[in-house]
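There are two complexes below, and they share subunit A, which is joined by subunit B in the first and by subunit C in the second.
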Partner chain A sequence: MVEAELWLFVLISSLSYMTPILLATIGEIITERSGIVNVGIEGILLSSAFASVATSFFSGSMLLGVLAGTLAGALLGALFGLFAVYLRADQIIAGLAINMASYGFTVLGLIAIWGHHGASPRVEGQLPYFSIGQSTVPLLTLLAILIAVLSWFFLFRTRTGLALRACGEEPRAADAMGVNTYRYRIAATTLGGTLAGLGGAFLALEIAGVFTRGMSAGMGFIALANVAFSGWNPLPAVFGAYVFGFLSAAADALQQEVGYAYLLKTLPYLGTLAITVLTARRSRAPLRLGVPYARE
Partner chain B sequence: MVPLVSMKGITKVYADGTVALRGVTFELAEGEVHALLGENGAGKTTLMRILYGELRPTAGEIFVRGQSVAFRSPQEAMRRGIAMVHQNFSLVPSFTVADNLYLAVTSVKPMRRGEVEGRARELGARLGIEVPLEARVEQLSAGMKQRAEILKSLLLDAKIIILDEPTSLLTPLEARALLGLIKELKAQQVSFVYVTHKLREVKEVADRVTVLRKGANVGTFQVSEVSEAEMAKLMVGAEVERVRRSRSGAPGEVLLEVEDLAARDDMGVERLKGVTLSVRRGEVVGIAGVQGSGQKELAEILAGLRRPERGKVRLGGVDVTGRSPREMRRAGVLYSPESREEGLALEMSLVENSVLARQGEHASGVTMNWKSAEERARQIVERFRVVFTDLWERARNLSGGNQQRLMVGRELESEGLLLIAHEPTQGLDVVSAEKVRGEILRFRERGAVLLISSDLDEVLELSDRIVVLFEGRVVGELKGGESDLERLAKLMGGAL
Partner chain C sequence: MSGEALRALSETALALAAAVFVTSLLLLLLGYDPVSSLAVMFTYGLGNVEYVAAVAAPLVLSALAFLIPLRAGLFNIGGEGQAYLGALSFLYFSQQFGALGLLAGGLMGALLGGTLGALRAFLGVNEVIASIMTNWTLYYVTLFLVSRHLTHPEFPHRSIDVGFFLGSWTSFLLALALALLALVLLYNTLLGYEIRVLGSSRRAAAYAGIDVRRVTVLSMSIGGLFGGTAGALKVMYVGHLDTTMSALFGVGFLGIGVALIGKSHPIGAVLSAAFLASMIIGGHWVELRLGTPPELTDVIVGVMVLVLSAPYALKLLQRGGRLG
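Let's turn to the complex of A and B:
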């Protein structure tokens, strides 16, 4: 009986773990559909986690924290877009730069604000949720699933979505058809950053309740794997994110039951590896993914 | 009367310093087909991209119906009724035709999707340019893609349609259909700029012709008042001496035998479906066929770059099926691929490219002997007149024509028995193209040549025999030199 309860608990708390990965994945899908690859979402998750904790620490408001995290993500997404789209920087290097800078600045921030380089104090408060039996599900998780559905609708059922995908498939053709490739691409990186930012805020305020250094712990990269797994489609991404969330939740729960802490912590990463290998050949990336576009 | 379009003193300097246009003046009258004639690199595409708002001129003025305009994007040009069909098309390949039409039309004026499709059907039926709206563009033939593009222009109410080298990817039959369509649309008050380097097409379709040479307008004429020879002279700037093939003696023993060869392309599409052919020493065998008939896969198999699914390749009687590129080279195969990106390492220097795949001949032990490599590079650039600033500059910095000369030159300078030349003269001006053709003919003394080219005049002129491929099968064989363009064209279209 204890067994069953434990599994039920894991299945429900997987929803929580799934949320930041899902949001980051949707953001990255939108970004990549426009032809830009942003490996900096790992850093965006981290930076926005920090921004959200710092803001709610000073303001005492969780909601303001979420807002600040989202905003930080938007800014970083726009900054990345500026480099990748207008300055035609190497997208991988620009993304890695965001990751490294985020790590450095958040550690610096930890020390500057709290005089501590490991973790912030716990933030007080609770984000809105609703209950299923004895478990609770955060409202933001539902929002994330809703965003997945809306993003699918946006990408595959609206004219703007069609134009955005055209930028990722054949920017020259899109341009010749009167689609402003530059604008679409920077809008996509900004929107992508915004969603990752919301994910980072959720990670810090809902899942952890504190900011710890390097707390994104590869979630951004898991999201990148999930993008390919889902075939650049937000709907399967929900399933993929849930699988990853489940592996994280299971690792956490089992660790309390049986020990082997370090070994179990590798579950989500092993899962990522497995899925990446298994799906490598299945889906096709946007044709011009990662290629800067210049009209002349 | 005010001309429909008037471009005055257009100069274009690209970001990298290339001066593509030097004060060009061009006029298009209402209801005419105006040919824009010039060699590769003359600036035709640049001039038209400026008119279409894709590029901004460095200097110069543009008037549409007498009004000064300065387009900042194709959208603005489309609003003035100008549309352009690019040489390589500008459709999103993974989208359906309907998606493409919808996207293009709605970027100029709001319209519901159903309405776009309805009008496309109605217009297509009226003009006989039906295109399957639900098919993905990448599944269409070049001719279909072009119709989709023209349909797109018409949906945008274009009154001026720019066609950039419109027949370059078409079968001869499709090309003829296109010329018919142009005449039909002309009758409905659509004006055309017809960009080409083919004199014959100018004579067939155009009312007036403007000749561009090295970025300058060297004359505008009524087509009826100027001969092909005069146009050729203006276009090139000199009389062109054409290679005349001297009949070779009787061909020697069989050098290459290909038997029942079948292969797929990278996407897994079956491209070769059992091809059998042979090449004798002393022969040039031409391969003709519309793009995608299997010629690329054939060349790649012979170069060792692709494994056949079935069939045999014998070279001098020895079975070499499935050997690696290195082993094929050892066996005497020289390969100049269709794409310069494949044949050259563009980020490496001229010297490095000159010895690519033959490094061994310029090494002592494990170290390269760069002196001897430079020597080879110098031979190539001198013999093939490659224009460069430094032997150690990156090949990417060369213009397309010079890259082509370097790539073909490297192969022709190498030891070998069988030359596989895929589009050997693409991007070359008439004079260098003739030079390369002369060298190809000369190669017969050393062995044999398999010539794959979409330039039918070239194939007819150089080949002793022509093998025609259609959808991965040999559909016919002609004697070269007999100039039966008509018959060749029919075979290429699959008509037996």
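Let's turn to the complex of A and C:
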């Protein structure tokens, strides 16, 4: 392949890799703006990837697969919210627990359904897309960017968004103003899980075309890095997700060109680490992020 | 029994009950027999105590890797990467230096943990994100080295053999000794006191004149020391690494579960490591006997940790479910 063509291909396929990162990032931004940090999005990506592949396998419908993945994300987001909000759990620990249980549960399902320890069969079908020249861009990528814009509008231009942000900055004051902090927070974790779930479905059905053991492979944490990188704002998050997505796309394309597969696979992680180190302390987190809140 | 110990025990019992309930439902749903699966899982591991000791030894250490920084309010999720680095260092250095390879593994882990601590202390880098990124980086670096440089001359998919070996009981005693050392460190030294103050309140620690940065770097280094040694012990037991990473993968993450089920106390970690080790061995038997996947263990640990993350759940149960 001519070099310029290769890079053009990488730049376009970065849009694919960007999509699950962006969806998980937006979900986590909404969650964290309400004062809750959910590191369980890694496990939510994984569980919803599994749910979407299993559903499309049994139903033969990619669309049902996407819906199942999204629903699985919503359920896990709500479960996490139940623990984080009403049971005042340590949020980091509860999130890690979701990750561990998701890993075990999805491998169990992989073996029970397909009798295989590594990967499911390939999914049949194709999610909707449109073409640019010889390349294609998935419709869900456009949808993800649209969701970013809508989330920005919701968070910074509506009263409900203001109330949600108040829950993350000063829950006591929010409560005194008549904002039901508990309800806002559990709604935020559920919405956050829903978006991560859509991202997980995209990861499995569009990018990979299969379910493989532990396939989220740190993507949830790359999204967490993007949350801080974008200053808890969904619009810069689009740019951030593209940058992080580019690292994965480049690693994938270069592997096929030059070999050294194992070393190239470190690129997204080292790149994310470098960006996180270089941009740390640039922006301020919501004041009460991660602090359990008990109403008087 | 003190009230605190009783409460800790009730929380663990509640967590275990919830885990048994959830996994039973899951097994039913997937078409496995929950009663016999769980019976085999919880009892067969106890049949061979020496095997339990061998599996538990690295888990004690990877639990300490998480536990010490946790007591300072830091989340060392990097135990996994520290274990990879410790295993690689042990594999390499034990060829020439024998037992000193264990020390090399621990020191490399400490270097990595200390680096993560320094990034947090001086640059404000979130240690959870940085840890996960180093874990995955080292995962692929390990695969690269196993397949290119430390490769076995006859079997290209696996590494050379380790150059030093300790028996199961000796390994376990080593882990136990390090757990006791961690206990003394936490409760009988100034650094341990500073770690615990920092963990209960960063603000209080700063007011008390504690050098927060120093304690952050030190506690993460000590965590890394244990994490690296965990990986060294693990590869020593298996004898070599291979490109499936089945020997190492999950050692660090399971340590998080061990630490939390052990109520973040070094002695609790030893007990919970023995419990989990017997469950892991039981998990292999479940697979042999009934075809139920051994990843059942991960589900049980995950659900237990989820319940343990919310001690308030037990209070709520005792009050009959009234929020307050």
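We adopt the following convention: the second predicted complex is superposed on the first by the 295 of 296 C-alpha atoms of A that agree within 3 Å, B and C clash if a C-alpha of one lies under 4 Å from a C-alpha of the other, contacts with A are read in each partner's own complex, and residues count from 1 in each chain.
The rule is short, and it goes like this: a contact is a pair of C-beta atoms (placed from the backbone, for glycine too) under 8 Å apart; a residue touches a chain by one contact, two chains touch by 3 or more.
Just so we're clear, the structure is a prediction, and the values are computed from it rather than from any experiment.
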Task = On the superposed three-chain arrangement, identify whether subunit B or subunit C touches more subunit A residues.
result = C
Message = For A:Val39 in the superposed arrangement: first (subunit B), second (subunit C), both or neither?
response = second
Task = Kindly classify A:Val277 by the partners it touches after superposition: subunit B alone (first), subunit C alone (second), both, or neither?
result = second
Inquiry  = Applying the document's definition of touch, where does A:Val258 land relative to subunit B and subunit C: first, second, both, or neither?
reply    = neither
Message = Contact-wise, after the overlay, does A:Arg88 reach subunit B, subunit C, both or neither (first, second, both, neither)?
response = second
Request  = Once the structures are superposed on A, label A:Ala217 by its partner contacts, choosing first (subunit B), second (subunit C), both or neither.
outcome  = second
Query = Is A:Ile132 in contact with subunit B, with subunit C, with both, or with neither (first, second, both, neither)?
reply = neither
Inquiry  = Touch test for A:Leu146: subunit B only (first), subunit C only (second), both, or neither?
reply    = neither
Request  = Kindly classify A:Ala225 by the partners it touches after superposition: subunit B alone (first), subunit C alone (second), both, or neither?
outcome  = second
Contacts on subunit A seen with subunit B and repeated with subunit C across the two complexes = none
Inquiry  = Give the list of subunit C residues in touch with subunit A in this complex.
reply    = 26, 30-32, 75, 77, 119, 123-126, 128-130, 132-137, 140-141, 143-144, 147, 253, 256-257, 260, 293, 295-303, 305-306, 308-310, 312-313, 316, 323
Key: Touching residues on subunit A, where the partner in the complex is subunit B   = 159, 162-163, 165-166, 169-170, 172-180, 287, 295-296
Request  = Would you mind writing out the residues of subunit A in touch with subunit C in their complex?
outcome  = 39, 83, 86-90, 92-94, 96-105, 107-109, 111-113, 117, 217-218, 221, 224-225, 228, 260, 262-263, 265-266, 269-270, 272-273, 276-277, 280-281
Request  = Could you pull out which subunit B residues touch subunit A in their complex?
outcome  = 14-15, 52, 54-55, 73-75, 78, 84, 86, 89-95, 99-100, 102-104, 106-108
